[in-house]
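Letters A, B, C, D and E name the chains as they come in the text, with residue numbers starting at 1 for each one.
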Amino acid sequence: MLIGSVLGSVVATQKDEALEATKLLVVQVHDHNNQPTDKYVVAVDAVQAGTGDMVLFASGSSARQTTLTQNKPCDAVIMAIIDSWDVGGENVFNRRD
Amino acid sequence: MLIGSVLGSVVATQKDEALEATKLLVVQVHDHNNQPTDKYVVAVDAVQAGTGDMVLFASGSSARQTTLTQNKPCDAVIMAIIDSWDVGGENVFNRRD
Amino acid sequence: MLIGSVLGSVVATQKDEALEATKLLVVQVHDHNNQPTDKYVVAVDAVQAGTGDMVLFASGSSARQTTLTQNKPCDAVIMAIIDSWDVGGENVFNRRD
Amino acid sequence: MLIGSVLGSVVATQKDEALEATKLLVVQVHDHNNQPTDKYVVAVDAVQAGTGDMVLFASGSSARQTTLTQNKPCDAVIMAIIDSWDVGGENVFNRRD
Amino acid sequence: MLIGSVLGSVVATQKDEALEATKLLVVQVHDHNNQPTDKYVVAVDAVQAGTGDMVLFASGSSARQTTLTQNKPCDAVIMAIIDSWDVGGENVFNRRD
């Protein structure tokens, strides 16, 4: 999984029917020190995430292992909203800050 | 999924028979601010996309999760045509512009 | 899928038995404007390709979706020989040129 | 698999229910000479690893091949704690040093 | 598949039980002209390879398609020892040299 920040959402009415009623979010990948990188992914939201949330997303076939994404043409899923993480004993991110 | 712009199409008469009657499109990957990158993919079109369309494509085994691509040697599929997306509350792309 | 040019072949007598009688080709990845990149892959040939051919290859589990590669430890397959492709309405490559 | 060093852990209470009771660790990728790189991954811990351990992690669908991660939206798993490795006959890392 | 050179091996006693009795080798990726790159992978050896051998390895789910690696948390497998390869009609590598 990688850490990312939810930037916004994608609207697409003409899409594979299996993806009806899924929310597609634009996620910018952050590094482990919480610096934004130039990488992003559009992921299906499986955990009620919203813009500004720091999240974990899973890629590839693992993105289809949620009830919401099973058997769908989806290669990235947000499967957790991050509360906090630490590196070397130091807190890097805390949702309540 | 990643965002891309459809540049054109590939003609290949000598191909795996499972891919007969599939449309192969050249898609340039764009970043989340809609800047073209130097990455591309050749994807099977599952949503009647055409040159100039801004699309979402899925990669890997997820590319085989449409009716059209099931069990085929295909590692990228266009599964949505994008109407619009936003970043930080600002509209980045709108199909009608 | 990505576009590549077949550079040559690999000989390996000591290999997993499932790969007996498969042809392993060295493929240099080209970009969508037909410029060679510094990336390559060794792919199983499923379409009778040869040195100098411009081809499409599929990666990952999708590489096992041909009759030839099914259930084999193979993560790249040449599944089409390209006749031509175009970008922005302009022909980029034509096999007969 | 790649070699990595466990930097810390991620706390996420709002997550896909299949991931309840899994430990999520931040792993910095090291190169084969044991130099840290700028890449990282958040991986499920399947071998009781802890901060400071040098580990091996597997990515993609292979990350779901442990008892702990089966059928879960998890694309990286720590499946070994490294005791030592050598390159060209020279010891590069030894856990007891 | 990619071409690599076996640099050494990894010792890990604390690992997922499915990986007992597998040999883990450090493989440096070479390019198609046989120049070493800065990429590497730790792969399970399925073909009795040893340090100094030039090998082919398969990644992802394809790495689980050997008898040895089936259903194991392994995302890279050495599935061939290379005898030789050529590029543009010229021999690039020959094991007997």
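Here, a residue touches a chain if its C-beta (ideal position, glycine included) is under 8 Å from a C-beta of that chain, and two chains touch if they have at least 3 such contacts.
Being a predicted model, the structure only gives us computed values, none of them experimental.
> Quickly list, by label, the chains bordering both chain B and chain C.
Common contact partners of chain B and chain C, which must touch each of the two, are absent.
> Please state the rotation angle, between 0 and 180 degrees and to the nearest 5, that superposes the Cα atoms of chain C on chain E.
Superposing chain C on chain E takes a rotation of 70 degrees, nearest 5.
> How would the chain A/chain B interface be labelled, same or different, where same requires over half of its residue numbers to be shared?
Under half shared, hence different.
> Let me have the rounded angstrom distance from the C-alpha centre of chain B over to the C-alpha centre of chain D, please.
33
> Residue numbers in chain B touching 2 or more other chains?
Only 60-61, 63 qualify.
> Would you identify the shape of the chain contact graph, picking one of line, ring, star, complete or other?
Here the contact pattern is a ring, one closed loop where every chain has two partners.
> Beginning with chain A and continuing through chain B, what order do the ring chains follow?
A, B, C, E, D
> For chain B, which residues are in contact with chain A within the complex?
Those in contact with chain A are residues 1-3, 31-32, 46-48, 56, 58-63, 65-66, 69, 77, 79-89, 92.
> In their complex, what parts of chain B are in touch with chain C?
Those in contact with chain C are residues 7-16, 18-19, 24, 26, 28, 38, 40-43, 51, 60-61, 63-64, 71-76.
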